[in-house]
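Heads up, the next two complexes both have chain A, just with different partners, chain B and then chain C.
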Partner chain A sequence: MKNTLLSARAVLMKDLRTEWRTREFLGHTFMFALLVIVIFNFAFKINPQNAPGFASGILWISFLFAGTLGLGRSFLVEKENDCIQGLALSPVDRTAIFLAKFAGNLIFLLIIQVIVVPAFIVLYNVNVMENFFMQCLVFLLGDVGFMTLGTLIAAMSVNLKAREILLPVLLLPLLTPLLIFAASATASLVGGDDPSAYLGRIRLLAAFDVIFFVVSLLVFEYIMDEL
Partner chain B sequence: MQILEKILRLADHRLVRTGLVLASAVLMTAALYLSLVWAPEAVGETDVYRIIFFHVPTAIMSYLAFFIVFAASAAYLWKGELLFDRVARVGGELGVLFCSLMLLTGMIWGKQRWGAWWLWEPRLTTALILLVIYAGYLALRNVVDNQITRARYAAVFGIIGFIDVPIVHFAIKMWGNIMHPVVIKSASDTGMSPEMTVALRVGMLAFLALFATVFLLRFRLENLSARVSSLRASSGD
Partner chain C sequence: MYKGRIECSGVGKKYGDFTALKNVDLLIEAGDFLVLFGPNGAGKTTLLKILCGMTRPTSGVAKVGGADSHSPEIRGKIGVISHKSYLYDSLTAFENLEFYGQMYGLENPRARAGELLETVELAQRKDDMVRSFSRGMTQRLSIARALVADPDFIFLDEPFTGLDHHSAVAFQALLSALHKRGKTVLMITHDIPLGVAASTRVAILKNGRKVFDEKTDGLGGDKFMKTYLEVAGK
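Moving on to the complex of A and B:
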């Protein structure tokens, strides 16, 4: 167990270090997420009156889009640099590789959110972080579920012929429940609803995360063997 | 495993295949007669209600097919036998087929009853997401050339997809308004006249026979084509 975590940390640190040296991808993805937010303004003709109602949907869509871009990249860098065999051959537990990639993707999405959410608040004048801790919890739980299934599907799609399109096509339908739980919890926090309205959803999000985290850990080795 | 091989050997007999096709044809004709002619008119419904005799069986067949995908995927990961992978593939194809039929029949009924082809209602939306998940499953199978890789990826996706189904249904139920009628509430309260129940049962039987026939023929074809490729590979062609 300890060895697994240590090797996971090694892989994660390698990923973070390579990204830090260029900082290219993070910057581009942030610009993309920001663009999604801006484009929604024109698509829906958003004004101060209707903005709170759209807030949750716009945010989660931009997270999903930006996160999917990040996921596509996470295994692709290994493939482009011919490192994937090295990773697969290294004498570490498969679980460690899954955990490392999962953590890397999660950190990536969290950084995007730390920049995009304030930008959203400024641009739309809707304070989505009124209930700060609860909203952070919703974001975190949503991200964990998203990146759990995302890492699994990304590992699978990196070897496919049409990987750019297949990753979202395979992933997004699976994420429907997560999007429903997370977006409705965020919406209910923005609307200042009674805790009973969002606590149930937060519990459901947590349940989704636990179920798919366990299943992904169990099945990841079958995918890793084929990388 | 052994039972699958037995089924395959059985399907090798032309008589068995013809018998199955004939049986489904006869049952389907009977189901058509019973549901379109023999079953009485329903109170408060136009004749379009008769689509239920096809809608319900296709729905059940699609869920059966998706369960087959799940069971065969799990069996493949456990045993590593490609025979299970072929079962999963055929299950996925039939599932997508019957799920589309269920949606289409439901939409035709909805158009005259609700005045709209589609409502974002829990059961409809769940079925649509299900269709997209399993269409993705087939797409995934199509883009992987190596058969071991394909079998593994498909099995993993088949398992994840099936686990997702009840969660999707639950989430969408929480999110939408229920409009879909529930006719059959329990075994004793079917909400239908005895004639309708008979028509529905025969419809179920007909679709079950159709399902078994198509499944067997497709499964056999899948195995034959696998044999051809392995023969080709071994002869260096």
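Moving on to the complex of A and C:
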């Protein structure tokens, strides 16, 4: 267990280091997420009255787009010079690779959110973080589920020719229930609803996370086998 | 010594309907240096991939060091040099070796990285990105990468590609030193004189079958060349 965590940390540090050296990607994704928010502003004729109703949907769509871009990249860096083979040949525990990739993807999405959410608040003048602690929890639970499943599917599709298309096509249907609960919990929090309206969804999100995580860990081993 | 042995029995590999390897039996004793020859597409790389656990045979068994070649416990004991470098372009030479050292669970990956950079004469370029390396330098670093965990088995697929004369000679010396230290080596090459000189055994694959397998003793380079042309020829 300790070895697994040490190896996971080594893979994560390696990824963070290479990502920092090619940091344009983070910048581009951030611009992309921001653009999504701005376009919705015009598409929906948003004004101060109707903005709170749209907030959750717009935010989660921009997280989804940005997060999917990040996922596509996470295993692509391992394809250069076939490094993924080099990793697979090493005795490192497969779980460590999954944990590292998952953590890297989660950090990537969190960075995007830390910038996009304040930008949203300023642009639309809606304080989506009114209930700060609960909203953070919803974001985090949504992110964890999204990135667990996303990391698994990204690994599965990395060797396919049409991976850019297949990643979202495979991921979205599986992710839909989680996204619905996350978006509606965020909407409840923005609308200032009674806790009973969102606590149940938060519990469901947590349950999804646990299931996704366990299943992904189990399946990942087999995926690495055939890379 | 059973530990350092490689055993293939009835190994076959099919890609769809295409048979890349058929019923290959091969026994490499501990400390052997087997050089595998054969025309393009003969199945040499496929056999090597099976032996390092990169792909599974569709029939037969391949055992390395007494364990199934696909089992996790044997992975740390095999070093592979293939056509691909397995190196990260946006890491430096040192960082690449350090990272692989960590993946192989070394106690002190940094010290090992430094040591290996000396061995492959890249110490001066240790802090340069692999992206900026020439083909031959990348190949040398790839050799260091394969040796990071001081493996018992060394598998090489045309390792001389891209090396200049000096590096090729140095690498030959390194290989022979490793062999003397008791490593079991399997090398694929198209260079017959070089391969025969390095080997203790030679084998030829053709159309996925093993068609020749003998000890090198008394098998001079010229004589083997004739045999090769007879056995593998057009």
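In this section, the second predicted complex is superposed on the first by the 226 of 227 C-alpha atoms of A that agree within 3 Å, B and C clash if a C-alpha of one lies under 4 Å from a C-alpha of the other, contacts with A are read in each partner's own complex, and residues count from 1 in each chain.
We adopt the following convention: a contact is a pair of C-beta atoms (placed from the backbone, for glycine too) under 8 Å apart; a residue touches a chain by one contact, two chains touch by 3 or more.
If you're wondering where the values come from, they're calculated on a predicted model, not measured in any experiment.
Legend: residue contacts after superposition of the two complexes on their common chain; A:L217 is shown touching neither chain B nor chain C. Counting the residues of chain A touched by each of chain B and chain C gives the higher count for B. By the touch criterion stated above, A:C83 is placed in contact with chain C alone, chain B being left untouched.
In the superposed model, A:A119 lies in contact with neither chain B nor chain C. Once the two complexes are overlaid on the shared chain, A:K14 sits against chain C while remaining clear of chain B. In the superposition on chain A, contact of A:N159 is made with chain B only, not with chain C.
Across the complex, chain B is touched by residues 149, 152-153, 156, 159-162, 166, 169-170, 173-174, 176-177, 180-181, 184, 204, 208, 211-212, 215-216, 219, 222-223, 225-226 of chain A.
Residues of chain C touching chain A in their complex: 52-54, 72-73, 75-76, 78, 80, 82, 84-91, 95, 99-100, 102-105, 145.
Taken together, the chain A residues at the contact with chain C in this complex read 3, 6-7, 10-11, 14, 17-18, 21-22, 77, 80-83, 85-92.
The touching residues of chain B, when paired with chain A in their complex, are 77, 129, 132-133, 136, 139-140, 143-144, 146, 148-149, 152-153, 155-157, 159-161, 163-164, 167-168, 170-172, 174-175.
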